[in-house]
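Before I ask anything, let me first share the structure, which is written out below as structure tokens.
All chains are identified by letter, namely A, B, C, D, E, F and G, in their written order; residue positions are counted from 1 within each chain.
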Amino acid sequence: MSRGSSYDRHLTIFSPEGRLYQIEYAFKAVKSCGYTTIGVCGTDGVAFVTQLKAPDKLIDPASCSHIYSISPSVGMLTTGFPADARSIAQKARQEAAEFRFKFGYEMPCDVLAKWLADNNQVYTQHAYMRVMAVETMLIGINDDDEDNKKPMLYKVDPAGYYAGYHASCAGTKEIECTNWLEKKMKAYLGESKKPLSMDQAVRLGISALQSVLSEDFKASQLEVGVISCESSTFRKLSEDEIDDHLVAISERD
Amino acid sequence: MSRGSSYDRHLTIFSPEGRLYQIEYAFKAVKSCGYTTIGVCGTDGVAFVTQLKAPDKLIDPASCSHIYSISPSVGMLTTGFPADARSIAQKARQEAAEFRFKFGYEMPCDVLAKWLADNNQVYTQHAYMRVMAVETMLIGINDDDEDNKKPMLYKVDPAGYYAGYHASCAGTKEIECTNWLEKKMKAYLGESKKPLSMDQAVRLGISALQSVLSEDFKASQLEVGVISCESSTFRKLSEDEIDDHLVAISERD
Amino acid sequence: MSRGSSYDRHLTIFSPEGRLYQIEYAFKAVKSCGYTTIGVCGTDGVAFVTQLKAPDKLIDPASCSHIYSISPSVGMLTTGFPADARSIAQKARQEAAEFRFKFGYEMPCDVLAKWLADNNQVYTQHAYMRVMAVETMLIGINDDDEDNKKPMLYKVDPAGYYAGYHASCAGTKEIECTNWLEKKMKAYLGESKKPLSMDQAVRLGISALQSVLSEDFKASQLEVGVISCESSTFRKLSEDEIDDHLVAISERD
Amino acid sequence: MSRGSSYDRHLTIFSPEGRLYQIEYAFKAVKSCGYTTIGVCGTDGVAFVTQLKAPDKLIDPASCSHIYSISPSVGMLTTGFPADARSIAQKARQEAAEFRFKFGYEMPCDVLAKWLADNNQVYTQHAYMRVMAVETMLIGINDDDEDNKKPMLYKVDPAGYYAGYHASCAGTKEIECTNWLEKKMKAYLGESKKPLSMDQAVRLGISALQSVLSEDFKASQLEVGVISCESSTFRKLSEDEIDDHLVAISERD
Amino acid sequence: MSRGSSYDRHLTIFSPEGRLYQIEYAFKAVKSCGYTTIGVCGTDGVAFVTQLKAPDKLIDPASCSHIYSISPSVGMLTTGFPADARSIAQKARQEAAEFRFKFGYEMPCDVLAKWLADNNQVYTQHAYMRVMAVETMLIGINDDDEDNKKPMLYKVDPAGYYAGYHASCAGTKEIECTNWLEKKMKAYLGESKKPLSMDQAVRLGISALQSVLSEDFKASQLEVGVISCESSTFRKLSEDEIDDHLVAISERD
Amino acid sequence: MSRGSSYDRHLTIFSPEGRLYQIEYAFKAVKSCGYTTIGVCGTDGVAFVTQLKAPDKLIDPASCSHIYSISPSVGMLTTGFPADARSIAQKARQEAAEFRFKFGYEMPCDVLAKWLADNNQVYTQHAYMRVMAVETMLIGINDDDEDNKKPMLYKVDPAGYYAGYHASCAGTKEIECTNWLEKKMKAYLGESKKPLSMDQAVRLGISALQSVLSEDFKASQLEVGVISCESSTFRKLSEDEIDDHLVAISERD
Amino acid sequence: MSRGSSYDRHLTIFSPEGRLYQIEYAFKAVKSCGYTTIGVCGTDGVAFVTQLKAPDKLIDPASCSHIYSISPSVGMLTTGFPADARSIAQKARQEAAEFRFKFGYEMPCDVLAKWLADNNQVYTQHAYMRVMAVETMLIGINDDDEDNKKPMLYKVDPAGYYAGYHASCAGTKEIECTNWLEKKMKAYLGESKKPLSMDQAVRLGISALQSVLSEDFKASQLEVGVISCESSTFRKLSEDEIDDHLVAISERD
């Protein structure tokens, strides 16, 4: 195959077409993680939704969570190699704690996203380490303007790229899921956009999973993390709360 | 074979499918260790069971133990290269001792598991060291809530992944053993779960070994490590105690 | 193909023809970024124009900006890998801040261009890092002579070459765009040159994009950064201001 | 041959079957040393027996000894590359001296074995050094309990594995010798074990060499090192003492 | 081709014929720069002449200069990779400034040439950096003897060789140009040599370019740097001055 | 040939048979040095004999000596690469001087041999340096017991092995020479050994050279170094002294 | 060709025959330098003779000298890569200056030769630098014994070997020249040697060049460096002095 003799075996070597193959393979590693993750940014809050799927039945499902609380006001959702994910979460927590200590206020979500992206970019430029096989979503509240707080959703990829999103997804069914989200989010974007409450955002995320994976989830099979403009505090929903959302979705249909 | 020219010879190179072959080969190294190890988490205690098998008859069997006491309240069971296993146990003991010195209380089992997983993840990301060919189980008691102590069982793999388990196994017959455990543990999991005493947990582990390996073990051919919620102290059972369990199993049958 | 066995896989190895292939491939990486960027230097100001194109619809377009404010008086426009671009912008800001701190006045645009070029050259000479896959344009005002301020436009490439330009472009349609610009700029160059106001420069840039890409842009699909001799302050135009320019262009036609 | 292209040429690379070939080759290097070494643990003492064979007749046989006194109470017997062996003995002596200085009592034999194994394990995990082509036996007396001193025999291999042995051997005829020892030692192991005096242990070792190599040794062709529970002091037997043992063996036959 | 398997891909490896191919390829890289540079040493001054050719029309020609003022009394003319050239000029300026600071007088041209040659030699001996693809000419005045000042012209090549020249050239048409210069310089060399004024040296250089490249240059297409014994100060000629020389040449013909 | 693809090109890689090829090749390098060296240990002194052979006639033969005085009481004879030999002699002298300074008495010959062997062993274990292509003989007097001084002869090889010898040789005709020496030395070894005076040792060495190389040497073609128990001082014999020995040998025949 | 797959591409790898190819290739690099150098040691002085040949006619011949004055009393003549030669001369000067500073007298010629040889040997043993492609001759006066001063001539090769010579040569026609010198020097060597004045030594060297290269040299095409026992000061002969020697030679013929 024409992938070329060995361009794809060195982290820091461009192929004749100007591509860095190792980074592209890392993206494949993310996609083959076996689950799908979704983030949706509403008007008064932002939410993560993902499957909670233990690799085997004897595992304590709580050990398989993909959602990490980085600081009281920032949540992280990781997709990819679980060991890399934990390592990233660990470093992000430390960075956030040092930020708070140094500057006296919580590290904002966008600053953390930038820091994480910088970190990842460095791995793509040096020869002695592999890139992290993890895509990371971060949520938080922009409260620079007390009267007009705005929820934020960022995604950072293994190449060190990050961007703000209205909604995003990662993992196994990323392409199908992106299409579904683009269709459904249309109403809430653009100039004539409708408001999208945090609860609606949660349900949108769950519906996306249900529709893309053609599966009916039990509350125990889902993980949801939210942060509302009101509280500015990240928390994971309890199984009961998720169940309420599932009921609401099925009633709406 | 299509495993690809040399993707599998560099620790930190992704294959075009996004796989890190060296980590997968390390798992094979674990599986080819020649024995099977089992951990079972009960309601009031948690237990390790493993074969005690000297490579040759002249060896002092006590030298072949796979069970290490890391601190008074944490036990470790290793599966894989014996030299790597000892090196891990050594480092874990040191870490636990420093923790106790620094914070004034014993290092909890889950913190140790996380520390160990972090350590292993680092080996997968750098080019200059191989990963450890060892899967490690850790047991301890979560006594944050004095009135509701809970036994804990963690498994850490060479890739740096760790999770809490209700029951787990590793080594030569891992797949068969996992199936057997899943079947038998059903009754003790889920909402309508029955309580599982520590003694039952020990017997479950021994039965699993007997059934998967189709072998009748003498007490001297087994190693068992337990920690009960009551004592919060890790200890290995004596040969007599193991014999009592063997008798109880055969009587039950 | 005759590109030669492996001359093109080592950063610091000359081919028998005296070429450094990896640098040439990095240029290809820049060209395959998918968008076109333009800089035009007028008589009383200088402007950047580029497409603002989110990779997918769910992305917040503000996250995809290619224009960075490095200091109050220097703007940067990057073309290439977004993660490399951000990393360069980050370092440039830091350098500019340190310059201001050390010398008490803003870092001039040409000094910054030289510093950035030096940085890039170093990557081409060492074996352990890849070159940055980014072409960078910088604009600023030369105010050494208070009465005769002159706008400046510099472009720095991945090989560490930099030069001052009357007008320049980079990215996907670089060759077509250069031809278009050369034709249109003739009137404003040479001895009998006509003056070119900053507003004209902006419109020239937009027209170049429209004509080369054969596309009609909405204001929200463009990014424009300007700096005038009068204010000596870099700023990005608002969507309304861009719209005014678009109207002016269409009326002129 | 299927040993695989290059899995066996990198110290720290697992083969697809999870093997580390370089370690296995190091074992072969040990086996091709040209002599056989034996250690036998008795009830009141422990002994080493090995051939003393100068590579050529002009060499001073005393230079070819494989037995080293590490501290007054620990003896070492090495099998493999002589230069590696000397280097290990040198380091062990230094470690033992530092231990005595730091803790005020002699370094016990098992602690030294563990230290040596740790050392060897490290060589298997790093890429920049080869493993030591030496198997090391260590003997000493466990005198934790003054009234019940117990002789100890440890073997440390190049992979960093160590274990306590009732009897062990290494070198050219390792397999045949192990079989011979297993047969003869049966009587002294298990529950109904007979006591085995140190002198008997020495003669068992000599007989093993004679039988496996089908050779009649002169006292000058053998080296014997012993340590008894009574004296707790390691010493090498004189030629006369070895001769006495040889006479005793031939008389017994 | 027989250039040999891989002798030419390692900086510091001799081929069986005793050649260092990478250095030879670096010379090719210099020759493929696309322009020709000339230095001529007269009796009362010394001059550089080179083409001033912008790669495209939109570039500010002043950015493409190959002539650098290193200190008030030393000028540098570079041929080869522009980014390497700038890097060399930068370092030379720093070195010259430090020399002046340390010793209290300007760094003489020959000392600088030696320093630069030493620098280049080091790159040919180490494995981790490539050699600089630049040939450098340096001019200055030797004023050790106040009454008999002598102009100096040095050329330093990528291999670290340097020498004093009566006249020299580098770049695309180096061979043709050397021949032309040898023929014309004959009259000014040897024992019966005629004096050659600095102005004549400039015109000789320009004529060489015109004749070798078969092109009529405009003043704006040339760069000329001179230093006379009288002033001992390096300066670039203005466009008007160059024009005067062009007129003088055409009138002479 | 089956020497195996590349096992022999890495210093620290074992071949599948457990061999380290690079060390074996270094021994070949020693053997191809073109001359033969001999050491013979007598009862009251020890001697070196070697050819003194200038590579060409214009060379000052004194420059080609293979015998070095390391300290007043230790002599060294090197066989192999002359530059490596000198480097070893240099380091040994420094080590001996530091020993004398630190401990107040001359470094004994056996301690120096051990130190040198340790040094060589290190080169075989690390990847970044080649082993020394030199075999070294050392002579001295063991004067621990004033009344029973004993001459010592040690040989250290490139692999880091060293041993005491009654007589030894190295270089081109090593095998033939060893055979000759074994035959002639028989009378002086074993239990019924005859005494061997230092002068006899010198003549034995010279005869060995004459017989093995089938050549009649002139005094100027030989080098002899001796140290007697009486003086404990190393010295080289003068040409006249060597001549006396040659005469004695021819008269004896 | 059988030079072997890749033994010749690694500095520090022995071939199966025990050769270090890279060092042999470096000798070829010296031989291909294009000129011949000669040193002749007389009774009351010692001389260097070499061709002074500028690579092209425009070069200042003084720049092409191969003779360096290292200290007032030591001269150096280099053959090989000019940039390496200069680098060696530079380092030697520094070493000599430090020696004089430290010890209060000039560094003797033989000490310098040893230091240089040590330096070169190190390059052959490490993997990260190439060896120097230069053969170096050094001349000086041994004035340890005031009444019997002796001229010295040393040659140091790239492998780190050095020796004293009566006469020596290096470069393109080394073999022919050595033969010529051996024939002519016979009369001045051995026991019945005739005295050879320094002037005769100079003329011998010139004659050697003339005869080996079959060329008649002009004084300006030769370089001669001498040091006499009387003055103990190294100096280069002027063109007139060389001319006198040329006349003397032609008259003698």
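One rule holds for everything that comes next: a residue touches a chain if its C-beta (ideal position, glycine included) is under 8 Å from a C-beta of that chain, and two chains touch if they have at least 3 such contacts.
Values in this document were obtained by computation on a predicted structure and should not be read as measured data.
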Smallest count of steps, each to a touching chain, taking subunit A to subunit D: 2
Mean-CA-position distance for subunit C and subunit A (Å): 32
Centroid spacing, where centroids are CA-atom means, of subunit D and subunit E in whole angstrom: 72
Multi-partner residues of subunit A (each touching 2 or more other chains): 6, 128
Order around the closed ring of chains, commencing at subunit D, then subunit F: D, F, G, E, C, A, B
In the complex, subunit A residues that touch subunit B: 3, 6, 8-9, 11, 21-22, 25-32, 54-60, 62-64, 81-84, 86-87, 90, 128-130, 132-133
Residues of subunit F that touch subunit D when the two form their complex: 6-7, 10, 12-20, 114, 117-118, 120-122, 124-128, 159-168, 178, 181-182, 185, 189
